[in-house]
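Going by the order they are written in, the chains are A, B, C and D; count residues from 1 in each one.
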Amino acid sequence: MPADSPSPSSLPSLLLLLPLFSALSILLFKRLLKGASVAISVGSSAVCFVLALLMLGSSDSVTLIAPFIQVPGLTAALEALVDSQSRGMIFIVQSIGLLVHLFSLGYMKDDEARERFFGALSLFMFSMNGIVLAANLFMAFIFWELVGLSSFLLIGHWFEKPSAAEAAKKAFLTNRIGDFGFMIGILCLFMANHGDVSFSGLKESLASGPLHETARLHSGLMFLAAMGVFMGAVGKSAQFPLHVWLPDAMEGPTPVSALIHAATMVAAGVYMLVRCSFVIEASPSAALWIAWTGGITALMAALIAVRQDDIKRVLAYSTLSQLGYMVMAVGLVASQAGAQHDSASPGHPAMFHLYTHAFFKAMLFLGSGAVIYACHHEQNIWKMGGLRRHMPVTFATFALGTLALAGLPLTSGFFSKEAILGVAYEVKGPWLAPLFWIAVLTATLTAFYMTRMFCVAFLGKSRSEHASHATEVPAVMALPLVVLALLTLLSPWDWAARLLSAMKPDHAAPHLTVLSASLLALGVGVGGGWRLYRNAESDPLAGRPWSRWLENKFYFDELYQGIVHLVQDGMAWLISGLDRGLIDGLVARLPASIAGRFGQRLRALTGGQLQAYGFFLGLGLIWLIYELVMVLPLNPR
Amino acid sequence: MSPLFIALLLPVVAAVALSRGAPLKLASTPVALANVLLILGVMLSRGFVSPEVVSHVGSIAMLQSPALNLSVGVDGLSLLMALLTVVVSVCACWQIDNKREGARAEHIVAHLISAGALGAFVCRDLLMLYAFHELALIPTLLIIALQGRGESANRLRVAWKATVYLGVGSLILLAGLCWLMVSLTPEGAALVTDLDSLLKLAKEHPLPALKQAQIGLVLLVGFGTLVSLFPFHTWAAPAYATAPVSTAMLHSGVLKKFGIYGLLRVLPGMLPLALSQAWLQEALCWALLGNILWVGWVCIHQRNLDEMLAHSSVMHMGYLFLGLAAGGAVALEGVALLAFAHGISIALLFALAGRMRAQLGTLEFRRLGGLGSHSPALYVLFCFGMFASIGLPGLANFAGELMIFVGCFGHPGATALGMVQWTAIAALWGVVMSAVYGLRALRALFQGTSGSGLFLSDPPLAQRGGLVLLASLLLVAGTCPWLPLRLIAPAPKDKPAAGAVAPKAH
Amino acid sequence: MITLQHYLWVSAALFCIGLAGVVARRNALVVYMCLEMMLSAANLTLVAFSRFGVRDGLPDVNAQALVFFTITVAAAEVAVGLAIILALFRAKQRIETDSVNALQG
Amino acid sequence: MSVFYSLTLIALAGLALLLLEAFDSKRALRYARDASLGLCLFVALRLLTGNLNCSSEALPSWVSPWLSFDPLAQTFVVLGLVSTALVLALLRIGESYIRQYTLGGSMSEFYAIPMIMAAAIGFMAAARDLVTVFVALELVTVSFYVLVSMARKSALCLEAGVKYLILGAMSTGVLVFGMAWIYGVCGTLEFSGIASALADPQIAKAPALLACGLMIAALGFKVAAAPFHVWVPDVYQGAPLPISAFLSVGSKAAGFVVLCRLLEGFLGAGSVVAAEVRQLLVILGGLTVLLGALPALHQSSVKRLLGFSSVSHAGFMILGLSSVAPGVTGTGLASFYLATYLPMTVLAFTVLTVMRAHEVGDDLSEIRGLSKRSPMLAFCLTVSMACLAGLPLSVGFLGKWLVLLGLAQAGQLAALVIALIAAACGFYYYFRPIVAAYSSSEEPRKAIEVSIPAAVLLVLLCAVVLVLGLYPAPLNGLLQLTGAPAAAALLR
């Protein structure tokens, strides 16, 4: 860190280089660095946080960081785009990142592979910053994949544990499927826009350029492009049907879950969708698909969360559900392009929710991490209980998070959810109208399952040995909780959001129906949860047939398992057999055996019988003469 | 006298010396290293000139009429491939376990392959280019037959299959090259075999499009067989899986790239219209999809690391052909870059697989696991190789693949998806497939609980050199692809390039 | 009038008979005689052509010279041939051509 | 000194060798044999360096109507002399084993006869008319009958002798018959006369074609062209190794030089039969490469394999003869091919001879483990087989390539494909001995000591093969060779 304050244009470079340096040095030389690696990682994160604060005050700019590929016909440079949206997102990423680094100091204290963990964490920070700062889609894709890699490394941190290794693999592969679509989208845009995939270029071109023509005349291509970009988001933000990896990703250390799988990486999909919202606006059918995908994800995940017993899984499904909310908002806003949201204005309901959700969900996850830490890695809520007394700080912050997520008025969750509901309420068109009710239902369920979890884990009596001996976590872990709680309280208010201007939409007048619907949802959800679980010893909902469906996550895992088994492995078996039998047989063995057969037959010519030789010679002579005298003169060449 | 002749001669001399009993430690790896320095020297003395410029020219007349010269010279593409050759050669020599019986033969073969490949890459004569490749092929096949792994009957079968495939393929190739040269040579003149003269002739008197396509088909089959283009691929995987480590590294990493190199030399320059014939382009597209999807599926079925790597190497050739099918400067530069990157990554993976097999005795997935905790260094190196091979950004292969895909979509003004674009989309699915098997291997070998009684230790530092060299090349070429691209691509024009948009004031 | 045609037909017939004999007979000596017959057919052809191919009013003696050479060479061939057949007879007590079929394939 | 006298001297030396046998002085004999080998090489070298007078003035006046030593003749004189010298060397290396099979251990004929044959090949190459050709050719053929069946104690030798004798005599019959028809059609037996007669559009085409056909058939037998190749594998396998080697190069050289001379006429400018004959050559060549290559796939005896291989190579040479590529003559291409074929095939036979002298047979099963017993032999075998297979940058490649190129230029696609198939088969059958040589055999066998003369020969041949492969420029002149009967006519 140079002594003098860095010039604004070098901020993005530093934001990328510092974590990269930290990651590489730790991952490659961790033996040499030993304990220093933790310090490097936390230090770089702290510096980056300061940089992020500095950046909040900087002006919009595009900075060339590295000429990744620059040949005639293709420029895929690493360029950092600093605008209101990226500034805000960087702030979220860096602030939560720093807190998670701090929390991890306590949480991972006894881990043998601490260095590797911090190295991967730095790698993640690097990649995430890259996505946020990306000025063009190529750069976005590059870091998109790197985020997948760091997520792979962090989920699989305890790779000796088969479940963790499998979860890491699943996460990476599912993300890859999303990236497959993302790349198609990028390529379509590249083609349609004559080789320019920078956000500014695309936007201009859509207003008056080649893309404008494409959108008008070739809606199929535009749809493909929009859906491609969306598919990337589906993978990264774990939307239906690629949602299966996120709950499994909870196998990773809990701070990771807080950072990656709640606040930042999964939000990258939404961030990217908002960045590209003009593309989606250009294809109304894509917007419809996106909105419905989000809605279905929100509802489905909320339903599943009702019947989960693992504290982290409940939060994971809750995250899914909230991400669905955001995606739905993107789709809805895009489908009403021009009517409500001017893509030039930075505020977007989805980004607002992303922003508020990031803080309270990170807090919830860290809180659950604290609980797990205190209960000696017990994650089942039915084996907790009564933690209120043992862990007052955690309890308080967790309660705040629960309320914010449930949407208690004046908490951050209330405002952002309100904004999305408002959009959903105002949309026109028969295909989109039901989404409002889905959103309300989801809100009800959210309030319900959060109350359930809170009641079961923190209230009542301790239901296990570990839970009864739990003690408050050390200060280094408690501090992030408190800071996040403060942020949760402060974040929705205009004076805070003004700094992060992209994070809050201007639109503010709450509609009466929307307000009453959301209050009703809160009341029904919290009330129902409180009644059912206030003093429950076991889950009163267990055993119902519908509840088994929820408990087993609608059997998605089993379905996918079957598909993988049948389609992938079965086909692999079949094709590999065909490859060896048919292709090899036709291309190699058949001609070879024909030649061999001929050779064998021809050996009869030299069978050793002198007379046969004489006969053959005579015949040959006659043939030759006949050929030369009778045949060839007739077929001159 | 061109320094390239020295570069060609060095490995041959080393091979001869080794066969006469020269000490392995002195005569093998150091010579290969010297060649790396030599090629680097050539690269430096060449300076930053345009990629088309042929420098370090030298020539020895072999026949006057028809004129046949052993002429050498490097342009950017040649230099990149030569660099690949010498780097992989040095690492291959480094990897050979000198204590093993037959190590000497392996060293000799490694040097011979290196010489042949180098010759093929720096030759400026179309016929000699072919000849050098063939020369490298024979020791490869012999060493597979004689020192491959497994039952002798099995390795003989594998070697024979490869021999027959490659023999037939190279003869088809020879026929195609002859046809090409004869067609381009003006009526009544002595045959032209010189690459540069042929390029000039092709530019001045282009052949009819149909004839270009016909010659292109023969060449695609010929070169394709050498590069294991579907459906002529079944020789490759067993051969790599059976070959000794150094041979597998050199053949899959370097020698196989000859076919691609040859096509890069011939197709765009001499037969520019060949792939504009729809039938040929469609045939190529189907074939390369066969490589990517069909072989990809075969690859998923493998339950053994070296067979999986072998199939994956076949699979990845599909992307190179995709670039050729797309045509256009970006895609072709991508092909060259990916060929380079793939050579490095597959060599690294084969080297690791060989090392693991030597210690563990098996590479079967179901018998292994949890090696990551025993040998973190190998784990990291393996991650490098595997993630590079599945196209992770930041490692070398990604940039090439990206350029190829972009090349497929890079037709300005196109508003509907054509054959090439749909092929590219289907080929993109291959990226997912390669992640499936790549991660499966990683998971099965290095993660999870360790297998019983099998132990893997990190190699001592001195023996990591070659592996680290390859891995760091992957990283450097991956993070800074503009460095290798500077060799093969012209500098971007001065006009504000697409994508790089000046910052806007708000 | 006997023309060139007649000679040629006769010699062609002779040649074919010789050829057929070589192919059909198994006794090496008879085969050898048939070979001689082929040579004779050739000689007859040569002489006939020489006789009818008049040059400057005289028959062309070149061809007839060749005939003499042919006869001489045939004699030499017979000498060597008989020696070999004799050796065969000594080794196998047979001179049928089907007695030699160890080399095959 | 004139080349004519040199050749005569060689023939006389051969006769003297025969006479020397009577004195029964082992040592003198050995010196005499080495001296005759040296003489062959000496003459060949002088001819190559241009120190022998080849002009027609240097010939005695009674000879000049019959002989003329034009460049084509000189080439084949050298080829004949070199192959004779090599065979003499081979005989010396393999003497110990051949001696077992001759009556009374007599070896003198083996040395004497090739000397006479060398002179005969030389005269045949220089012949200006068919009479001379006939005499010289029969001298070569009859000598071969003797050489093949000389090792009479071996049943296989005898069998080979009988087969060769009867089939060879048959071809002689066809040859003379063909000559008769040539004479009938053209009215002359001189090459130049034949060429000018065939260029006369008035000539009756059918008899001309018949004559050409008969000649090609008879010479096809000598050069082992299909379908007249059936004798080759049997005779190669049965004859002593040095003699097989001589057959594969000497007999081929003899056949090809005559074929070249005749084809200069048949295919010459304005020849009425040119198109048909050229097409026939392509058909014959295609048939020959295929019938040589396919049965070779299954051979386990390397000797027999080399027999089939020589058939296949003959096919390539015949295809070469039909070539019309610019800058290369058909004759030149065939001569080039033959000149490159000579060292590599003799190298293979040398390896086999050395092995045979150490009681190691030529079956693949016996070759197994050769690399352990004698790395040098294994290496030489590898080199020779790789060259025979036509591996690029080996001496065998260029000839094949030029032939393929010629076919491509002539648009003979079917023949091209067939030649490619044959070449592809070559990759299989030539590599089997190599693989066998380097694979390990179960039973331990004792090492083979290569004697110094044998080692010298092997090294020399390897060097020639390898150097010529990389640097074939010295042979470049061969490619433009023509028999040029017109030029010969001018000399008269």
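A few points about this structure:
By our rule, contacts are C-beta pairs under 8 Å (C-beta built on N, C-alpha and C of every residue); 3 or more make two chains touch, one makes a residue touch a chain.
Being a predicted model, the structure only gives us computed values, none of them experimental.
Contact analysis places A-B first among chain pairs (by count of C-beta pairs in contact).
When chain centres are taken as C-alpha averages, the shortest distance to the whole-protein C-alpha average belongs to B. Remark: chain B and chain D have CA centroids separated by 43 Å (rounded to whole angstrom). Computed centre separation for the pair chain C/chain D is 26 angstrom, with centres defined by C-alpha atoms. Note on chain placement: the centre of chain A and the centre of chain C lie 95 Å apart, centres being C-alpha means.
Taking the mean of the C-alpha atoms as each chain's centre, chain A and chain B sit 34 Å apart. Annotation for chain D: residues touching 2 or more other chains are 162-163, 166, 170, 174, 233-234, 298. Chain C has residues 19, 22, 31, 97, 100-105 in contact with two or more other chains.
Of all residues in chain A, those touching 2 or more other chains are 603, 606, 608, 610, 614, 621, listed in ascending order. In this structure, the chains touch in the following pairs: A-B, A-C, A-D, B-D, C-D.
Interface residues of chain C, counted against chain D in their complex, comprise 8, 11, 15, 18-19, 22, 28, 31-32, 35, 38-39, 41-43, 45-46, 48-50, 53, 55, 60, 62-63, 65-66, 69-70, 73, 76-77, 80-81, 84-85, 87-88, 91, 97, 100-105. Residues 595-596, 598-600, 602-603, 605-606, 608, 610, 613-614, 616-617, 619-621, 623-625, 627-629, 632-633, 635-637 of chain A are the ones that touch chain D when the two sit in their complex.
If you check the complex, the residues on chain B that touch chain A are 161, 164-165, 230-235, 294-295, 297-298, 300-302, 328-330, 333, 370, 372-373, 380, 387, 392-394, 398-399, 402-403, 405-417, 421, 424-425, 428-429, 431-432, 435-436, 439-440, 442-443, 446-450, 479-482, 485, 489-490, 492-493, 497-506. Considering their complex, residues 27-28, 59-64, 66-77, 79, 83, 135-136, 138, 141-143, 145-146, 149, 156, 159-162, 165-166, 168-169, 172-173, 176-177, 179-180, 183-184, 187-188, 190-192, 194-198, 200-201, 210, 213-214, 217-218, 220-221, 224, 568-569, 571-573, 575-576, 579-580, 583-584, 586-588, 592 of chain A touch chain B.
Across the complex, chain C is touched by residues 129-131, 134-135, 138, 142, 145-146, 149, 152, 155-156, 158-163, 165-166, 169-170, 172-174, 176-177, 179-181, 183-184, 187-189, 233-235, 237-238, 298-299, 304 of chain D.
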